[in-house]
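Both complexes below contain chain A, partnered by chain B and then by chain C.
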Partner chain A sequence: MSSRIVHIASNTFREAVRDRVLYNLIAFALLMSGAAIFVGQVSFGIERLVVVNLGLTAVSLFGIVIAIFIGIGLVSKEIEKRTLYTVLSRPVQRWEFIVGKFFGLAGTLAVNTALMAIGVFAALLYVSHRFHAPDGWIIVALYFIVLQFLIMTALALFFSSFASPLMAAVFAFALFVIGNFAEDLRGFAAMTHGVQRWLATGMAYLLPNFSAFNVITSVAHAQPVGGSLIFYNTLYALVYTATALSAGVLIFQRRNLK
Partner chain B sequence: MLAIEILGLEKIYNVGFWRKRPKRALQPLHLSVEQGEVFGFLGPNGAGKSTTLKLLMGLVFPTSGSAKILGMELDDPRMKAQIGFLPEQPYFYDYLTGRELLTYYAQLSGVVAKDRSRKVDAMLQRVGLGDAGNLQLRKFSKGMLQRVGIAQAILHDPQIVFLDEPMSGLDPMGRREVRDLMEQLKHEGKTVFFSTHILSDAEALCDRVAVIHHGELRGVGAVGDLTASVKGKVEIVWRGTAIPAALKALGAECRATTDTVRAILPEQNQEAALEALQRERLRLVSLTPVRTSLEEYYMQKLRPAESSQSAAGGRA
Partner chain C sequence: MPRAQKVTLVASLALVLCLSASVMLLGPVDRARPQATLEEVLYLPSPKVLKHMSLGYEGLLADIYWTRAVQYFGGHLTQDAPTFKLLAPLLNIATQLDPHLVVAYDFGANFLAPPPPNGAGDPQEAIRLTNFGIQNNPSEWRLYYNLGFIYYIDLKDYAAASDAFLRGANIPGAHPFMRVLAARCAEHAGELDTARMLWIATYQSSKNKEIRANAMAHLRALKVDDDIGHLDVLIAQFHNRTGRFPSSFAELQIPGLHGATPVDPIGYPYKLTPDGRVELEHPEDFTFAEKGLPLGYKPSAIAKFLPSDYN
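Here is the complex of A and B:
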């Protein structure tokens, strides 16, 4: 990776930290400690289930909100404030800027998720008093959540390379919601015929399939995650992220920065 | 080798939300700037100065034409390492301190790690921000922002410095400081290409100037050559209420107040007017240029009736 990408990424990370993005951790910590204490008092035998479900869902939602709302501003804010002018008038290629911004936000989300993961395990320890072997699958669920963040960050960057921040947010959020029902869309495609089938199938494969990444419920029930799913989800996330990022770069390369 | 060579650079934007219509921001521009020159790019707001600079910086793409900087194409990273750019009304990452900002730009410009810290500190000192290096930019005044803007443009020791309205919005002290910095760059042999609508700055600093209006080049040349045919005006103020007849003959427009008289007359008649006042034993209060010859030239070039003639003669 070029050193310029590293510098742009680390500056993006620094911006997120100084703009108090990580303050969401306080809300998360309050949520987890409140949930752990509450669950410990009212539930019998399902404490682990509730804490893992709630914790991982919160990690996912907090991260998605950050990925979308910071992601859509990564490029547009720099154009609007004209900070981009002094970057691109240096020996920095436009693609390096986009890729650097991507890694900066992805790094922020990874650190954010790691800190939240500590909170989830702390709450789990509080209600279960000790860790059990199936708790290791929580790490796989967290890994899948991070893979979703990569896809969403790349999509937010893609939309922000040509749309206004508001429209980019709407598109990105819509894709996230639809992506969670991708399996249903594929099921619908299988039931239809003719042009409708082509369209539905095309849409189902074009849109990100987030439902395959959601293993929160099975992990909460202490069920293992298959090795092939880990492999295919990793491959899918990397290919989808690279494709969305490349499309964003292609558009941004031709954009006039008025 | 020329520092900047612009060959018919043209920019047409498509404006409008639904029905796009073309709007020409820059008519085909031909211009060249020698190395070591301080070149002023003059024109009123919306004339096409910033568009030209953005085209040269690769921020917008030309509709037609091309340009070279130091003999290299505009998208050549080797060329980008040799130039510095200060945009108009710059805004920087305000969550960074002055030192962090310059360090970031030094990293992007390829300044080697071992020299980085020393260069950043020296630059902060040079632009008078030595004590503000650890202050976040959100706490900077406009003048300080402009200075840090110039610092980031010259930090990596570029051969050519592009400055878009570097004196805009500065108080007289700030303008003076920026002018001094530009003079230093000139002494160091750098090429400085700057846009402005403050003509006194251009007259004081530039070897050559170009005048642009409505996206069209109206004139270009050495300041002395351009103003040779155009004379400015001076204002003479003297005590008393008497107006010597000789002054009126020299084309002076006189206005008397209770105890002084103000006369505005062509610059070339200044000596004769002073002699006339001396003959009449009138006491001189002040002598001030009201419109420099460059201003007169500039105003002439902006007049539509003369545009077609001058554009033809203005190509460089």
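Here is the complex of A and C:
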């Protein structure tokens, strides 16, 4: 990776920290500690289930919100503050700017997730008193959540390369919701005929498939996650992220910044 | 080549290659997590909880679960020795989310009650689902028809079937068959004819292609049972008259055939065995037939539907 990309990425990370993005951890910590204490008193036999479900869902939602709302502002904010012109007047290419921004936000989300993961495991230890072997699958679920963040960050950047922040947020959030129903979308496509079938199938394959990343429920039930799923999900997340980034670079490359 | 053009070219290539790769990866991803989404249904504490969690979008969620139910059934129908353990919970969730989803009750009545391989083999669950449908849609005569159908075909409870048909017949706009079916069930007469009427009514009144194909396959099988029943009578009469079995159908002098060999509903000639039994040329095409099966024939574990069943 070029040093320019590393610089942009580290600046993006620092900026996110300065913007108090990591303050969400306080809310998360309160949620998890409250849930751990409360669940132990009101539920019988499903404490672990509730803590894992709630913890991983919170990690996912907090991260998605950050990925969307920080991601959509990464380009537009720089244009608005006119700092983009300073950056691009140096020997920095536009694609390096986009890729650097992506790695900066992805890094922020990875650190954020790692800190939240500590919270989830602490709450789990509080309710279960000790760790069990199947708890290891929670790490896989967290890894899948990070893969989702990579895709969402790339998509938010892609939209922010041409749309206004508000529209970019709407588009990114809509894709997140649709992506979670990707399998059903393919199901609907399979039930249609003719041109509609081709259109629906094409859409279903082009839109991101987030449903395969969601293993929260099965992990909460201590069910293992297959090695092949981990491998293919990783590959899928990487190529889809690269797709969205390439599209973002293409648009940003041709965008008139005057 | 200018640097900007080079970046555009590389980004375009990366876009096309990565997009193609992501589309191709969806297949392996799906195979790596078979049924994962559907099996999550088993973890749901109750459809009522799901309704609260849907934040008011329960109609859309019901449609999604209904689609999942149809796909689940279609996907398992082609498997060897299929079981449909998720069909009831899926339909249960879909109808709890949208109690007016009449098509889901229809589907449940047709495919929850029959024994495998053609259904989940759970008539009590089918009755429970249908009664829930009636409770929420009291003006839908089809639901009473479905209830009577389950009692008649699957449980052989003719009094309950008659009662259900009669209740449905009193609803404005009900199919004229309903009153006739109620009477026939009360008399418990002419079972083959009654069954035929039931399947014809199912075929005519449903728009769901799986339900219609199922009805058509049953009607074909009923025609075979009817044909062979008549042929058996003629063969028995011939045997009584001559003391031997006929060597060909021509010897039977079947009215209207002028010595020709009778054919099954698909057009294949029936076979006459030396010991006076009538057999189907292709029994595998008549999953639901009870007569005409060769000795020692083991029916397939997969219900077979012909392309013509879907017309």
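Operating definition for what follows: the second predicted complex is superposed on the first by the 258 of 258 C-alpha atoms of A that agree within 3 Å, B and C clash if a C-alpha of one lies under 4 Å from a C-alpha of the other, contacts with A are read in each partner's own complex, and residues count from 1 in each chain.
Criterion: contacts are C-beta pairs under 8 Å (C-beta built on N, C-alpha and C of every residue); 3 or more make two chains touch, one makes a residue touch a chain.
Predicted model, so just to flag it, every value in this text is computed and none were measured.
With chain A as the common reference, chain B sits beside chain C without any clash.
Rounded to the nearest 10, the angle made at the CA centre of chain A by the CA centres of chain B and chain C in the overlaid structures is 140 degrees.
In the superposition on chain A, A:239 contacts chain C only, with no contact to chain B. By the touch criterion defined above, A:254 reaches both chain B and chain C. In the superposition on chain A, A:93 makes contact with both chain B and chain C. In the superposition on chain A, contact of A:164 is made with neither chain B nor chain C. Of the two partner chains placed by superposition, A:192 touches none, neither chain B nor chain C. Of the two partner chains placed by superposition, only chain C is touched by A:221; chain B is not.
Comparing chain B with chain C, the partner in contact with more residues of chain A is C.
Once the two complexes are laid over each other on the shared chain, residue contacts for A:2 go to neither chain B nor chain C. When the two complexes are overlaid on their common chain A, residue A:181 makes contact with chain C while staying clear of chain B.
The superposed three-chain arrangement places the nearest Cα atoms of chain B and chain C 7 Å from each other.
Once the two complexes are overlaid on chain A, the chain A residues touched by chain B in the first and by chain C in the second are 93, 254.
Interface residues of chain B, counted against chain A in their complex, comprise 13, 54, 57-61, 77-78, 80-81, 83-87, 89-93, 95-96, 104-105, 107-110, 149, 152-153, 162. On the chain A side of its complex with chain B, the touching residues are 3-4, 7-8, 11, 14-15, 18-19, 81-93, 254, 256-258.
Within the complex formed with chain A, the chain C residues making contact are 3-4, 7-8, 11-12, 14-15, 18-19, 21-23, 25-26, 28-33, 36-37, 39-40, 43, 64, 67-68, 70-71. Put simply, chain A touches chain C in their complex at residues 93-95, 181, 183-184, 187-188, 190-191, 205-206, 209, 211-212, 215, 217-218, 220-221, 226, 228-229, 231-233, 235-236, 239-240, 242-243, 246-247, 249-250, 253-254.
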